[in-house]
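Think of it as A, B, C and D in the order they're written, each chain with its own count starting at 1.
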């Protein structure tokens, strides 16, 4: 049934999933782990406060990443943070606008903004642009006209990252960016005021929710991280003795 | 004095516009005046140049410009340079494409270079696009006369150049341009044509190097930089040279910006502002 | 019909599609292969159908601007005009589609893509200021790579290409590997959180 | 026709680049034109795809495709306050398969696949390769250590995280520098296009317009 060459990998995946379930179970039972501060996420609250003070809108974009394949986790994290920042902005009376470049995200955004703003929701808070070039051109123009107070750029970002981040900086917005796509992380880190690198973005949903169950999953991630480091060390030790650890572990 | 301070302040506040104007000027400048800023020339480019230099007038050369118009800036200028050299050597050129955009790009190349007194149908021909990628390549290698009409609809029998093309072995050299995945061309043409040269995007160099050291490929030109090197060898600066000039100028400008930015930042910081 | 409102239904749909998508990669069985490919056909179909939601959002946005005569409403006419022009010419004939799409729209959109280059340069002026040790490493590596890509420095300073490729092949690759592994771990974590209904991005 | 297309493209390019100077009505026009054009084209492509993957197979008797189509149409309920919970069904299917796909490959490709290259046959390589190998090991492990969330970055972990962050910064700087070299090519290509006749005659007009505007606004 299981493909031969993937058998041991499959076991590893199952062990990881079991570890997540166990840690979440333990955290729900009353032992939530503590989490270090993530400056980028605390900055989102500050940025929303700034928008309230200045009376200008907040712009939010998740880039052109959609919900399929490797982009899905980052887009999902971006959408979770959209929900979080929308409810924060709605409760403080700031206007948050979302620019979607992928049609599948429009229903999610509609749903979230309607939930957050309730009667104050306006349909024009969500704009849809059909392509990457259109997203770039829209954002460059809109930011220059509207001068947003804050610019959130979180999700599976592609080539548009640098244009959006620089347009936000030109408009004087406070920027929080985050992505896990390797080629775009440099621009997010260099051009935004606060950045969420790779896994920081993916863990953000758990961080902002502060629910024990979600924090449990972060503990499991850390344990897996140390398992990974241990595997690297096994390979290094194997190299010292001239043995390829893949032959033993059957990866 | 106050006016000067005002100007610097205005420029400082609009530093983005100042930088962008600088970049635009530096990008336009080499287009109007090719400067020929020196660049290091790769061994492989020299090898490709020598290979074409050794061709006799009248030798048959097969060319495939197999990339998309959007990628023009990455490989097109190098293709221009190498085609220019072929026309200067007065060899006979057969163009065939395995990409749908190929024939149009071939026309663009022929329009942009100086073909001298070469005549269509006698010295060069554009056979158009063969659909089917690797299958099409295999079919063409098996019998180049399989094509009945050229790109403009003229029957191949009426073209003088095609009278000498009986099998793939009649070609002395094969040049193909592609952007990413060179394997199909190499698989089909290697061993059938004496020498193969590829013009390829710099992003794919690592994919090609094993074939060059293995001997399946005779040489390669790494994108526009390779084109500029080639133009330097021909002593005939063209589009690739001006692109590389502009790149050198712009990147030098960018490096100066980094230095200036740091100096002004540290001056302010040390003054305690 | 209160059962349709339940949160468990989307979670169940998520779980089924997740299990097929995840384990289909590992399991070798003709039936599994069929289910796996059918799932992706279905998702492709749904994703394509979703475009209408985007069209509605866009029409609402620009339509409302025109209806209320908001500032800059004239430009909303341009949007609808261009939309209709492109749509009609796509169906009119292959030649008109080629002309408008390949000869006008594509080159014009490259003009917008050029903003990446412009933004990178003005952004770099800001980002490469050595404010801290971190920024020093950023600026130093960036500077070496700039020298690598300007062909003129390869001529004057022969070592620069070697340093640049060493930098890309060793420290930069090591850090990238660390990030990739981190993202993979985070991917599993987020999928499990959604699966258990904690991450409420779409389940409300 | 070619000349007209070139002129239109040149005018649109200059109009778009006017944004580099400031936000103008020219840029606004191009911005909205691009939105409209790309929407029109996406619509055409999507209808074409739907014909191929939905309408034709269904008319050929593959009626089961009605299920994903219904789920797809449920996405539209998000615009209704009353029924928008139904849109979550469709989203769940799209997100679920995406997540499954991502998780399925995460372990073999992104974790195991990244660990495997750490094997190096030390007997066959020289000192430089071993030093490079050590550099990769240190940067990878310290970068991983930086992402630790459940411990404060203090002591040994603090140092590891710091080194990890430094090596990440070096990686980011390198990518940043390398990308500029490539993205500049597009600007240069446009400049070479603009310097040809008849487009080149538009350049002085554009410069005059900008200079007049600068003088009119008095150096704001």
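Note that a residue touches a chain if its C-beta (ideal position, glycine included) is under 8 Å from a C-beta of that chain, and two chains touch if they have at least 3 such contacts.
This is a predicted model, so every value here is computed, not measured.
Nearest to the global CA centroid, when each chain is reduced to the mean of its CA atoms, is chain D.
Summed over C-beta pairs in contact, the chain pair with the top total is C-D. For the pair subunit A and subunit C, the distance between mean C-alpha positions equals 13 Å. Per-chain CA centroids place subunit B at a distance of 26 Å from subunit D.
Work out the mean CA point of subunit A and of subunit D, and you get 15 Å between them.
Note: centroid distance subunit B to subunit C, computed from Cα atoms, is 29 Å. The residues of subunit D that reach two or more other chains are 16-17, 19-20, 22, 28, 30-31, 34-35, 38-39, 42, 75-76, 78-79, 88, 90-91, 94-95, 97-99, 101-105, 107, 111, 115, 137, 140-141, 144, 147, 168-169, 171-173, 175-176, 179-181, 184, 186-187, 189, listed in rising order. The residues of subunit C that reach two or more other chains are 25-26, 43, 46-47, 50-53, 55-56, 58, 72, 109-110, 112-113, 115-118, 120-122, 124, 126-128, 138-139, 142-143, 146, 149-150, 176, 179-183, 185, 187-188, 190-191, 194, 201-202, 204, listed in rising order.
Contact of a single residue of subunit B with at least two other chains is seen at positions 16, 20, 23, 247, 250-251, 254. With chains as nodes and touching pairs as edges, the resulting graph is of another kind, matching none of line, ring, star or complete. Every pair of chains in contact is given here: A-C, A-D, B-C, B-D, C-D. The touching residues of subunit D, counted against subunit C in their complex, run 1-2, 5, 8-9, 12-13, 16-17, 19-20, 28-44, 46, 49-50, 53-54, 65, 67-69, 71-73, 75-76, 78-79, 85-86, 88-107, 109-111, 114-115, 132, 135-144, 146-147, 164-184, 186-187, 189-190, 193.
Across the interface of their complex, subunit D is touched by residues 7, 10, 17, 20-21, 23-24, 27-28, 31-32, 72-74, 224, 239, 242-243, 246-247, 250-251, 254 of subunit B.
Subunit B contributes residues 15-16, 19-20, 23, 37-40, 69-70, 225, 228, 244, 247-248, 250-252, 254-255, 257-258, 261-262, 265-266 to its touches with subunit C in the complex.
For subunit A in complex with subunit C, the residues that touch the partner chain are 1-3, 6, 9-10, 13, 16-17, 20-21, 24, 66-68, 70, 73-74, 76-77, 79-80, 83, 100, 102-104, 106-108, 110-112, 115, 123-124, 126-130, 133, 136-137, 140, 145, 159, 162-163, 165-167, 169, 180, 182, 185, 187, 189-191, 197-199, 201-203, 205-206, 209, 211, 213-214, 217-218, 220-221, 224-225, 228.
The residues of subunit C lying in touch with subunit B in their complex are 102, 106, 110, 117-118, 121-122, 124-126, 128-131, 139, 142-143, 146-147, 149-156, 158.
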